[in-house]
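As written, the chains take the letters A, B, C, D, E and F, and residue 1 is the first residue of each chain.
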């Protein structure tokens, strides 16, 4: 059996979003979310780092082919999120606030069934260079 | 007289935008602007670098106090652009396409009257780490 | 109950310091600490990354409001460390060598009581882009 | 006893390599490894981050002197890998495919005996800014 | 007429190379080029920044469509340089030493005829984050 | 004759400093320089980028050997500035305020006589990632 190694792939997408809880009135939304609640949306260059952990395949020296991982992310995440309005265009955020935390969980749930169950998966998402999140916690 | 030196200050703002020419039909807008034309907006973490060139003041050793420059950018650019929808919320882009080129020129025109005429000014604007612009050309 | 997520906030401070063990003579201090022991201090642009782990609040989609975390760091760490001489101006380092390791532990002890006990906390501190530390170990 | 802290040191080396499994024919090598299998080699600016975890020495405030760690990496890794062709010049890769995963494991095995057994060790290796690996998994 | 603006596009390629002057003996090559002359090649993650300066088209707000520029670089530079051995695989370096200076000039000469004569062109090439070059000089 | 190319070399030094004009009283110094005037010094990880412009030597493909340039910077700038207190340890700042502007000019004057008169020279100095200067202006 091969050694356990973690491999990481970084991808990018640019999207608009707005933080808002429809169960609250405008005043509470503004108090809690501040300028992130402004009605006409703002946006970010999101940086997505996908971590996959598993055994090295001794024939390839790979845990997972990074080209395959990059294509999976591109087809299933970037295709749906890049240059989109997360609140309006991405079904998962119709009733879920698109905070960095929730976006990371949604991306995890998209990718998890697409990656071998012998490999573990973790998502890191940068909303800005100074604000980022990680899911799941290990 | 002091030596001529250029000083740079980097600031950031996060905004939504969409590229669109209202004089064209939907088909031509999509052909020219691609996914940047998608109707519900997308967004970026814009990085703004303001360059000011002039003589060092021998009493301070400064060309210009970077705190003063940072406050000017904050009050006159970030206040109006950060966490906003450039197309909808910023008057200058009501009838001007918010490409990186045009945003840089608009920022130049905002800041130019606020900075001493003895100092020259140049704007560098990063839309993404891989796409950026500079105005004016020197 | 919400999912467990880690959130990170990056802040910066610029400080002078010097490594020195008053229990040793000058020769041993110089042999152990090299140029970090030079008597008139040197300095760094410290980069501080604070990691907070806990459950997402389903109403906000936040583990913790990053604005609140940023303000806590600003009021209790940056206010006391930024543009200061760590050895001379910060009480904790009067008798504790201001290595990156010890600075990280001091920052952890300052922030720990200020953050909900339902959240766990970790400090990463960059002394330079090439030298950094993490506390506590998880 | 001192607190447990992790310390990190970043170093760099520039090397050529090629991915190839000699047990496979040319067609399969090209299908699996793509352009990474091209016969005349390509190369990378590898970024190596070495993480050492252990107790702070209360006399120095160090887990380990970063100068000592840097010298160990320089003498035992960079000296053998920098400006080299990994496949042809580094004995460990004569019969081991120089993927990022395998390079990280080889570096771990080189450094492990050189560092106190009271300290734990982890290697992070960036092949590009967007592809990186970590060994061992903790 | 539109305003003059500079636009920049960053791309990447990974290549092997070796510095060598065939008119010199081995001893002089080693003395001048040091470890860059080692016979089995080493490599780099080259970062290429292409700067194009010209008038904004008032209909698009673009100096040049960055997608078009990116495709030109991809088809004419990356296709020929990425994952290649510059000395062996790229015709221009059969008899030209692949220093960063010469690579930048070769890239300029490849791209110059492909870009409108109304636009000026400059190449910046990073061999490492700490060594880079610019051509032509303006 | 060879083509004109600019080459850049990045180096780093960590130093303490304090902004202060001895001709002013304490109140004016504090008003003008703010927390940069605090009496016990603070510090920075300065990033120095040296740009040299000249003709390529057709025998080497170099404008200037980057190893030679790096050694010059190391011997004449880093040796005197790194891990030092600029105000107290560096003769040039005994009566000159160590602003980024003035440090860049001092470095230019140190390096200018050490580099061939056929090459032009420019200094870029980052005090922080967000504040930097360039001298001379071209």
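Operating definition for what follows: a residue touches a chain if its C-beta (ideal position, glycine included) is under 8 Å from a C-beta of that chain, and two chains touch if they have at least 3 such contacts.
Here the structure is a predicted model, which is why all the values come from computation and not from measurement.
Chemist: Chains shared as neighbours by chain D and chain F?
Modeler: Output, common partners of chain D and chain F: C, E.
Chemist: If I average the CA coordinates per chain, which chain comes out farthest from chain F?
Modeler: Ranked by distance of C-alpha centres from chain F, the top chain is A.
Chemist: Which one of the chains is farthest from chain D, going by Cα centres?
Modeler: The most remote chain is B.
Chemist: Angle of the rotation mapping chain C onto its copy chain E, from a C-alpha fit, rounded to a multiple of 5 degrees, please.
Modeler: Best-fit rotation on C-alpha atoms: 180 degrees.
Chemist: With residue numbering as the guide, point to the option in A-B, A-C or D-E that repeats C-D in over half of the contact pairs.
Modeler: A-C
Chemist: Compare the two sides of the chain A and chain D interface and say whether they are made mostly of the same residue numbers, over half shared, or of different ones.
Modeler: Mostly different residues.
Chemist: Go ahead and note the Å separation of the Cα centroids belonging to chain C and chain F.
Modeler: Using C-alpha averages as centres, the distance is 29 Å.
Chemist: List the centre-to-centre spacing of chain A and chain F in whole Å, with centres computed as mean CA coordinates.
Modeler: Roughly 41 Å, centre to centre.
Chemist: Multi-chain contacts only, two chains or more: what residues does chain C have there?
Modeler: Where chain C meets two or more other chains at a single residue, that happens at 129.
Chemist: Can you work out from the touch definition every pair of chains that touches here?
Modeler: The complete list of chain pairs in contact reads A-B, A-C, A-D, B-E, B-F, C-D, C-F, D-E, E-F.
Chemist: Quick check on the complex: what are the chain F residues that touch chain C?
Modeler: Listed in rising order, the residues are 12, 14-17, 35-36, 38, 40-45, 82-85, 88-89, 128-129.
Chemist: Mind pulling up the chain F residues that touch chain B in the complex?
Modeler: Chain F residues touching chain B: 19, 21, 23, 32-34, 96-102, 104-105, 129-137.
Chemist: Touching residues of chain D toward chain C in the complex: what are they?
Modeler: It comes out as residues 3-11, 53, 56, 59-63, 65-67.
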